Each structure stands twice: as C-alpha cells, then as structure tokens.
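In what comes next, subunit A is part of two complexes: it sits with subunit B in the first one and with subunit C in the second one.
Now for the complex of A and B:
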C-alpha cells in the first residue's frame, strides 16, 4: 500500500522514481468509466510529457497519491472522450456558460458533457503554438484571447470527438468566445444557442421590481430566472430528442451529485486556504476548481478523486504540514491564468494563493435541492462571475482583503480578452486597500525573467 | 444637463426622446479621447469605448442619464465604469443576442417604466405616437438622401451623408439637406464593420477620393434607417427594433450575412470596405468570412483613430480602387 511521503512539490524525475512505490493493485484500482480493460489512468506524469504535454518537465506537482490521481485523470481526458465515443456514449459539448448545462446533460444515460473551452490551456501545457497558429489561419484575430485555440481543436478533430450535440451560451458573456462558437458553427457543427441575461444591479434611482438574491448576495430581477428556466428546458427537450429518454428525477439526482462535487471542492478550498501552512499547491487547486464544470468527463471517478484529495489535505492540516513555507505571502488570484506555470512560479517566489476568482463562481455555488430543478439551475447560474458588475465579481475578494486575510492580489490578463481589458483597472480600484499586480499572460513559452522579476519584486514588497 | 446618452442600435430613440431629453448616441472616436480613456481601462480595450468613456467623464454635466445595452461585452462594461466614475444614472438594457424576443420585449417594458419614473412623466399613447411620427419623419427624410447615395450614378457621398446621420445620432436633426450633389462614376463599394464615429469623417473622405461608398452596415451611419415602425405604440417600437437588420453579434448571424449579400447585389457594389477598430472582437472575427462569402474584393481597414498610417492607407485605397477599375 502506497504511503504518502512528506509533502513537497516535485518534478517529473522525482515522480517517476516515486511511482515505483505505487503497487500494481493501486494502479488497477483507479479507472475511468469503471472499466477494468482500458479505463486505468494512473501513471507517472512523464507519460503525458511523452505524449506531448511538454510543459510537465517544468512544472512541479504535489507528491501525494491523490495528486497523482488528479493529474493522471485530467491529462487522460482526451483519451477518455474518444473512449466514450467508442463505447457508445454520447458526447455533449457545453460552451460558454461554464457550469450549468452539464448538470442537465448528466441527467441522461450515457451522456458525457465536456467543455471545448478548456482547450485554452492546451497550447501552454503542450508548449506549442500549433493550435493558436491554426486558429489564426482560420480567421481569428491575433490579438484575441487564447481561447481561440478551441476553434483550431474543432478544426483538427483530434482533441475531442465530434460532439453529438452542442449548446452554446451567449449574451452577457465574453465576445471573443461568442465569436469562436459562431465560427465553429460555420465549420459544420450544429449549435443550440442559449441566451444569458445581464445580471443588472438594482440602483437607488431604479424603480423597484421583483428581485431575488443569489447565494453570493447578488440581487437580480426575478424574471431573469424565468428566461433561464426556459432556456434550460430547451436544453432538456433537445437532450430528450437525442436520447429518447427524459426523467426529471434524474435531473434531481444529477443536481445532488454535482452538489456533492461542489461541497467537496468548497471543503478542500476552505481547508487549503485557511490552514497555517499551505497543504496543497495552487496549480492543483485550480484544476480542482475547474473540475466543478463537468467532472472532467467522468463525474463519478472525479468525486472519488476529490474525496481522496480532501482526506490528504485534511490529514496534512491536522499534522500542520504542507508544501510551502509557513511565511508564504497570502495572495488572491483574479482571473485564471492560461499558463499554469505562473501558479508554480508565484509559489516558488514566496507567494501562497488563499483566495481565487476564476470566473466560474456559478460552478462553485450549491444548487438548491428543494425547489423545481430548472429554477434551481437558473438561480445557481445567476451567481455567474462574468454576467454582472466588476464590483460584484470581486466583492468576496474585497471582503477577504478587509479582514486582513490577503496581503496582495495578482490579476492575470489575456491580451485582447474583452473582460480583462475592461475590468482590470476597476478591480485595482475596488481592491485599493491592498497592492495589486496585474500581469499579461504571455504566449506559450513566453514567460520571461522580466516577468519573474516583477513577481519577485511584488512579493518582496508585500513582505 | 439635457442629454440622454445611449450606445446601441437596439435602444429605441423614440423612448429616449419621450423623456424630453435629447438622445445622444455615444459614438466618439478620437485618438486624444482614446488615450484619456486608458486611465480607466487597459490599452487593449476598444478605442471607441475608450473615447466614449473619456468623453462622458469629461462632459458629465451634460448628461442626465446613460443607457447601455448588452450589445458587445466592452460596451456593456463601459457603463459599469461610468457608474463608478460619475453620478449619472445608468440603465443597461438586455438587447437580443439570440432569436429570443421575450427578453427584449420585457426589457423595453421595464425601460419605459424606469424612464417614466426617472423623468416623473407618463409616456401616454399620444406622447409615444408623436415621438414615433417625429423620428419616422426624420428617418424617411434620411432614406430619401440614402437613395441618392445609392443612385446610379451615386449623387451623394457617404462623407456628406455621415454629417446628416451625425445630426440624427446627436438628436439634433434639422431641416438641413445636402445641397451640393456630387455625381460620380467611381467604383461603388459597400462599407461594413465597426462603428463610424463622429470624428471619422476624414476616413470616409479619404476612401471616397477614389471610391464611392453607396451603402453601409455600420453603427454611426445608416443602421437606423432599417427601422420602420408600423404600429404607433410601444409594441410597434419593440417589433420594429427587434426586426431591424440584425447586428452581427446576434447568434446565429446568418441573417446578417443574408442582409449584406442582398444589399451588395441591390446596390451593384464591386467591392467591400471592412472597417474595424482595434480589439473589436465582434467584427475582427468576421473578416475572413466577409472575404470568403460575398465573392467581392475586400479592403480591410483597421484603426485606432491615430493619424499615423494615413498616407499608407491612402496608397492602399488607391491600389484597391485601381484593382476594382480593372475588374469593371
């Protein structure tokens, strides 16, 4: 039985050496789609570097078995989606809404939702501009968000199988991704468009109308729920037509299961962010948060992985041990970085991420289980990060600043990203009680010594 | 303080005007304003958004209210920043992004109530009818001018037409008419893309030294002329604004392309000018498709409102015109 060693972050070589201690029975124990034959995914991270994930040779990973499972499982996603297709499952592409449509898709048998959007990390993990170059050839502007790599992935048809059905959310969302979805449609992919309303804040000069308040404390016109309910019912009908089934009890079950994921992630975040010593690295924590979107195409296995991670983190917290020095500077991170290496670098330079706003607040909130399920989904989605004001988006971070939990804030911007361009200055103003470092995420392989020096200087200044 | 600023073709000017305030479309695009706008947003924001931000903040005493929309993301977020940096009341309306009229219809009802509350005046049926008549009359007059622009030969330049449309967008249309017709046989081109700002007239003049723009689909030019209100009521306004030739950001955008194709054929255009502003995702993502689907030569012009590239632009326009002449 594998025993976790003293927590630390280790590189590929160390993991390959350490992997020898993992027993065959443990390797066989962990499998996706519960398939003994081809579902085994536990392997040293070096395996994925050989397959093209070149950045792994630079990254440092947590040395626990739970983290090994996490990486094996997430890097295996592309294979998993093709296996799903081979084994007769239906592939459902959800795009743009980041967290709600998959809950509906999971209510149908053998339906595997995923987000093509997440391809935006691929050029960085692969240290390759192939997808970005192809996206440019296909007509995306050079100065647009790295999420344009998704379009190239649709074109190449090698990163995920052709979806059986696609749902694309537009409206109060970022423009570049809306354009990319439109371009995907023109490649011959059939999209079902959903409209996301803008979560308009009630102002003192506004005439009153019936409002509701989200879990995150965001007030919105109640009627917006109805629009979303109608949109989600449309998704449901499309799914019924695709699968020939439709049982609302299964939607309730899907909500319950997704809530289990969300609660586990909230627990892991709480443990990690409040411990005296950081028990788990920021890079793995980002991967954990984004798992809430769709459980990396196998939510049952993902749930199991999360339980293991929580146990690992809880054990470390209890023992007062972790992967960073106790004097690491507590930081908030606003907007997820397309380049995962930046998370490693900030920790290596003395920072510790204790709060995040990764534009997926809607996927982190618990969906109500005691009301009509479509309404519950609508109410949950109204917590979304990007559909309201900037003040709402960083309100929680601002609260943590005021309570002294955060010494500094890092904002990662993507050149040409519409919300980054418009929000960064305002976020700096809203978080004026704390130093803020706004950095542009460079293209793959573009992290320079200059950028590292800026981060170093920022953390030194905070100390 | 007599202006009510707005920023989208889906905001009904008749409703704005019913407040007794002067509707003023935020269509500023100027390099100095744009630079000033960078105090509030990053450099990679749309230069028109930056210009409008700076213009409103510098002239906030002129504005009684601001009306935003969920048109493009940067424009919507501009009103968030204006809410933070001015005391001007801001209303943001959800406008159609898919083929779903329910949201828009409800939003217009909400919007009417808000403006009635704000101005302490009821928009009686008679008020609405009067406003519709007034603005329809303006649009009818402008359509007549637009027809002359589209004539064979084209009698009016788009640079001159832009001056009239500027008056419309500033809510100050007078009985001014274009006296000097300027018939020409220059190659006929269609203009589309990002907004033509108030300060962009010199670009139109530059283009029309060698070409004649006979039709367009740009905010700031003839887009309001595609709105024709049949029923003189709020419902009539909703229908006419919802049914206008759709903005390119509406998904799916096939109707936009169908409309442009129809117009380029109707107007006998031999080329297309695709005007985009820096970081304008909504239009920059369309450029390759525009080049591929209309079977017409396309000249791309990209601008940040600076004057740096004007001589090169002049050369490119001349070369494009020569190429079109050889094809004719």
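Now for the complex of A and C:
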C-alpha cells in the first residue's frame, strides 16, 4: 500500500520516481465510469506530458497520492468525454453560465455535462499556439481572450466529442466568449441560448420592487429569480426532449449531490486557507475549485477524489505540516490564471494563496434543498461573480483584507480579454487598503524574468 | 483535402478508438532523416541534437505524423558492453558482443544518462519535444529484450543456446528487460513514447516456438510495465511474422506494426484486438518509382483503412537511408489522397 511521503511540491521526474512505489492494485483501484477496461486514470504527470501536455515538465505538484489522483483524473477528461459517448452516454455542453446547467443535466440518466470553455487552459498546459492560431484563422481577433481556443476545439473535434446538445449563456456573461459561441453556431453547432440577467445594484428606482438577497449578501430584484427559473425550465424541457425522460426528484438528487461536492470543496478550502502551514498547493486548489462546475465529467468519481483530498489535507493540518514555509506571505488571488505556472511561481517566490475570487462564486455556494429546485438554482446563481458590479465582486476579498487575513492581492488579468482588462483597474481602485499586483497573463510560454521580478518585488515589499 | 488535425491530435484520437480526420502516416523514417538533413549518418547517431534536427527536417519535408528517435537495435546492448564501430555513412556495426568478453553476471544495467549512446537518444527526445512536442508524437524505439539479448551475444551461439541452454538465455533476456525498463523510465520523462522493436524475434530469424518461449514473455513484461503508465504501446517486429500473428495479441501491445505479412491476413487475425500499423515494402521505396509507389500505397491503404481497431499507414521496416526522397514523398502523398475518415 502506497504511503504518502513528507509533504512537498515535486517536479515531474520526482513524481515518476515516486510512482514506482505505487502498486498495480492501487493503479487499478481508481477508474472513471467504474470501467476496468479504459477507465483507469492513475498515471504520473509524465504520461500526460508524453501525450503533449508540455507544461508538466515545468510545473510542481503536491506529492500525495490524492494529488496524483486529482491530476490523473483531470488530465484524462478529454478521453473520458469520448469514452462517455462511445459507451452510449449523452454529452451535454454547458457554456458561459459556469455552474448551473450541469446540475440540471445531471438529473437525466447517462448525461455527461462539461464546459468547452475550459479549453482556455489547453494552450498553456500544452505550451502551444496550435489552438490559438487556428482560432485566429477562423476569424477571432488575436486581441480577444484566450478562451478563443475553444472555437478551434469546436473546429477540430479532437478535444471533446460533438455534444448531443449545447446550452449557451448570454446576457450578463463573458462578452468574448459570447462571440466565440456565436461563431461556433455559425460553424453549424446548434446552440440553445439562455439569458443571464445582470444583477443590478440596489438603486432608488428599484425600491418599489420586491428584492431578495443572496447568500453572499448581494441584493437583486426578485423578478430576476423568476426570469432565471423560466430559463432553467426551458433547459429542462430541452433535456426532456433529448432523453425522453424527466423526473424532478432526480433534479433534487442532483442538487443534493452537487451540494456534497460544494461542501467538500468549501471544507478543503477552509482547511487549506486557515491552517498555520499551507497544507496543499494553490495550483491543485484552483483545479479543485473548478471541479465544482461539473465534476470533471464524472461527478461520482470526483466526489471520491475530493474525500481523499480532504482526508489528506486534514491529516496534514492536524500534524501541522505542509508544502510551504510557515512565513509564506498570505495573498488573495482574483481572477483565475490561464497560465497555471503563475500559481507555482508565486508560491516559489514566497507567496501563499489564502483567498480566491475565481469568477465562479455561483458554483461555490450551496443550493437550497428545501425549496422548489428551479428556484433554488436561480437563487444560487444570483451569487455569480460576473453578473454584478465590481464592488460586489471585490466585497468578499475586501472583507478578508479587513480581517487581516491577507497581506496583498494578485489579479491575473487576461491579456486580450476585454472584460478583464476593464475590470482589473476597477478592482485595483476598490482595494485601497491593501497592495495589489495586477499581472497581464501573457500568451503561452510568455512568462518572462521581468514578470518574475515584479512578483518577487511585490512579495518582498509585503514581507 | 487539407489536414484538420495536428499529428498529435490525430494520434490522440486513434488511441482512444476515435476516427481522426485521416489515418496516421508513420513511415519508419529513422536514419533516413540524416539523408534529408544532408548530414553524415554517423553524425546522426552520435549526437542527439543532430538526430533531432534531422528528424525535424524530415517532418518538415514529408509532413508525416511522427518523429522517430532511433538509429539501430544495438543501442542498449552497446551500453551493456557490446562493442560497435561507427562507419561514417552507415549504421553502427557490431564488432564484439559483450558476452564474448564477460559473463552475464558481470554485465551491468546501464545508466541511460551516461552509458554509451543512450544519452544521445535522451538528448534527441528532449530537443525534438521542445521543438515539436505539442504537434507531433515523439516515438522512441526501444530494442526489445530478446533482440538486445542476441545483440549481447554471438548470434550463432545465442540461437543454439535457445535450444540447449534455456536458463542462460532467460537470464540474458531478463537482464536485457531490466535495461530496457531503465531506459524507458528516462525516455518517458524526456517526453518520448516508447515503441518496442523486436526485429530478431521475427519468424524470419527464430522459430515460432522460440518466439513464444523467450521473446513473447519479455515483450509482454515490457508492455505491461508501460501500461502502468497508461501509455499506448506499439510493438514492431520486422520481417515475416505470419506464423506468430495469432499470438501477437498476447503481448498486450495496443498497436502492432507488421512487415512482411499479408495485410488482409493481419487484419483478419489482429484487427479486432489491436490497431494495425504497416506495411509497405521498403525495398520498393528504395528501387521503385513514385507513380508505382503511389498506386501500391493506395491499394494498401484502401484495404486497411477501416481495420476495426484502427490503422496507421507505415512502411514495414525502416525507410532505407538512401531511399529517393521523391519516393518517400510519394508514399506520404498517396496516403493523404485516400486515407480520409472525415469527408
């Protein structure tokens, strides 16, 4: 039986050496869709590197078996989606809403939701411009967000199978991605659009309206809830038409299962962010947070992985051990980085991420289980990061600043993402009580020594 | 039609049982790459950067679907003590097998980072991976244990030993297996996908009985080791393998590369279990004309394209060092004319 070693972050070659100690039976123990033939996924980073995920040569990973499982599972997702289709499951593409449509899709038998949007990480993990170049060729401007790589993936059909049905969010959604989705539609993909309302700030002309308040304390006109309920019911009807089934009890069960994921992730985040010594790396934590969107296309296996991670983290916290020095400088990270290497670099240079705002607040909140399910989904979604004001988005980070948890804030702005470019400066302005470092995430392979020097100087200044 | 996918994407789909835009084209362009680059063959196999640059030049010229890091099958045996001489414009020639000077117990498991030309391979993989690894698979040929065992020995003595001294042969093969595994560890960490080559296990060299007794178990152990990494394993055996086609799936290889075998027979016997790679006659590449090659390759591809588990168009053996470039180009072009799945 494999025993975890003293926690540390290790590189690909070290993981390969450590992997020699993993027994054949342990490798066979973990499998997606419970399939013995092709569902086994516990591989060292080197495996995925051999198949072209080039950044794995540079990244450092947590050395626990739980982390190995996490990486094996997430890097296996593309294959998993193809295997899902081969085994008769339906592939549901959710786009833009980040967290709610999959909860509905999971209420239908053998339906596997996923987010094509997440292809935006692929050019960075692969250290490759293949997708970005193809996207430019297909008509997206180079000055648009890296999420344009998704368009190339739609063209190539090699990163995920052609979905059986696609739901695309528009309205108060990412504007660059809205364009990408429209271009995908022009390619011949049939999209089902749903509109996301903008969560207006509380203003006097709304005073006469009935309002509600989200878990995160955001106020919104109650009619938005009704609007979203109707949108989600449209999604439900489309899914009914696709599958020939529809049982609202299964939607309740899906909500309950997704809440289990969300609670586990909240627990892991709490443990990780509040421990004296960082028990788990920021990179793995970002992957964990984003798993809330759709459970990486096998939510049951993902739940099991999360339990293992929580046990690993809890054990480390109890023993007071971790992967960073105890004097690492506590930071908040705002907006997820497209280039995962930046999270490694910030930790290597003395930082520690203890708070995050990765634009997926809606996927982190617990969905109410004691009210009508569509209303619960709508109310949960009204917590979304990107549908309201910058002030609301920053509020939670500001709260952590005020409580003294955070010494500084790093914002990773996406070069070419119009939304991020505009909002980064606003966030900086609103976080007046704490030093802020705004980084324009460069294109793949674009991290320079100059950028590292800026990060070094920032952390030294905080120290 | 124009390619939609990169070679990397194309191979990636094949190994998860999906049809790519067109079939993969992987002629075994190994030392022939030196000719393409205009370098001496010796400069190719003694310098990793040269090997990689030549391979990249070949990819640029032919636009086929794989880098092939390889020169000859003696590379592990050399690192274990067999001696070779290096002709300027030909592949290394074995001078003294290690077991002519030492006992098997004295032969050490080589270190791929420092023994003989194994570092050349690793350097070549690293270089090619940095240059093209996001677009093209970096296949790295690993001599199989049985082949290495014979390269450690006087071949005549070794073949007699397979009949009279099985325990000795087994111990040589076991040691060769350990050396192959050690090399694989490093190849994988460098970014290479190991492809097992066992030319001396061919039915042109040994009997099916000898194959089953020595080569097959060691191939299977090496394949199983690579399966721990969840890698898709290619096994290539040169020459005639018709008599052992039935047992090749027992190696557990995911893709089997064949040479002098009737393709239809191979499809009938193998294609429900493994993906098939092959098998254009390389002597035709050396001595035929582009038009003839195009017609023959077209026939081959049309017959094999829809093999149940998938098909890779390839040559049956290595492209001859001095094969005319227009002939190799004709091979690739012909597959690109008829090898489409997405139409």
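We adopt the following convention: the second predicted complex is superposed on the first by the 459 of 463 C-alpha atoms of A that agree within 3 Å, B and C clash if a C-alpha of one lies under 4 Å from a C-alpha of the other, contacts with A are read in each partner's own complex, and residues count from 1 in each chain.
In the analysis below, a contact is a pair of C-beta atoms (placed from the backbone, for glycine too) under 8 Å apart; a residue touches a chain by one contact, two chains touch by 3 or more.
Remember, it's a predicted structure, so these values are computed and weren't measured experimentally.
In this overlay on subunit A, subunit B fits alongside subunit C without clashing. In the superposed pair of complexes, A:390 makes contact with subunit B only, with no contact to subunit C. The partner of subunit A that touches more of its residues, comparing subunit B with subunit C, is B. When both complexes are overlaid on chain A, the residue A:402 reaches neither subunit B nor subunit C. By the touch criterion defined above, A:13 lies against subunit C but remains apart from subunit B after alignment on the C-alpha atoms of chain A. Of the two partner chains placed around the shared chain by superposition, subunit C is the only one that A:155 touches, whereas subunit B remains out of contact. With subunit A as the corner point and C-alpha centres for all three chains, the angle toward subunit B and subunit C works out to 110 degrees, nearest 10. Contact with neither subunit B nor subunit C is seen for A:300 once the two complexes are overlaid on the shared chain. Shared-chain residue A:416: touches subunit B; no touch with subunit C.
When the two structures are aligned on the shared chain, A:138 is found in touch with subunit B, with no touch to subunit C. In the superposed model, A:170 lies in contact with subunit B only, and not with subunit C.
Superposition on chain A leaves subunit B and subunit C with their closest Cα atoms 19 Å from each other. Residue ranges on subunit A touching subunit C, taken from their complex, read 12-13, 16, 19, 24, 27, 38, 40-44, 46-47, 49-52, 54, 57, 78-79, 82-83, 86, 126-128, 130, 155-156, 158-159, 161. Against subunit A, the residues of subunit C that register as touching in their complex are 4-6, 8-10, 12-13, 16-18, 20, 129, 133-135, 137-138, 185, 188-189, 191-193, 228-231. Considering their complex, residues 39-42, 44-46, 49, 70, 72-74, 76-78, 80-81, 83-84, 89-92, 94, 96-100, 102-103, 106, 110, 113-114, 117-118, 249, 251-253, 278-279, 281-282, 284-289 of subunit B touch subunit A.
Contact residues of subunit A toward subunit B in the complex are 138-141, 143-144, 168, 170-176, 178-183, 185-186, 191, 193-198, 200, 203, 205-207, 209, 221, 223, 227, 230, 389-391, 413, 415-416, 418-426, 429.
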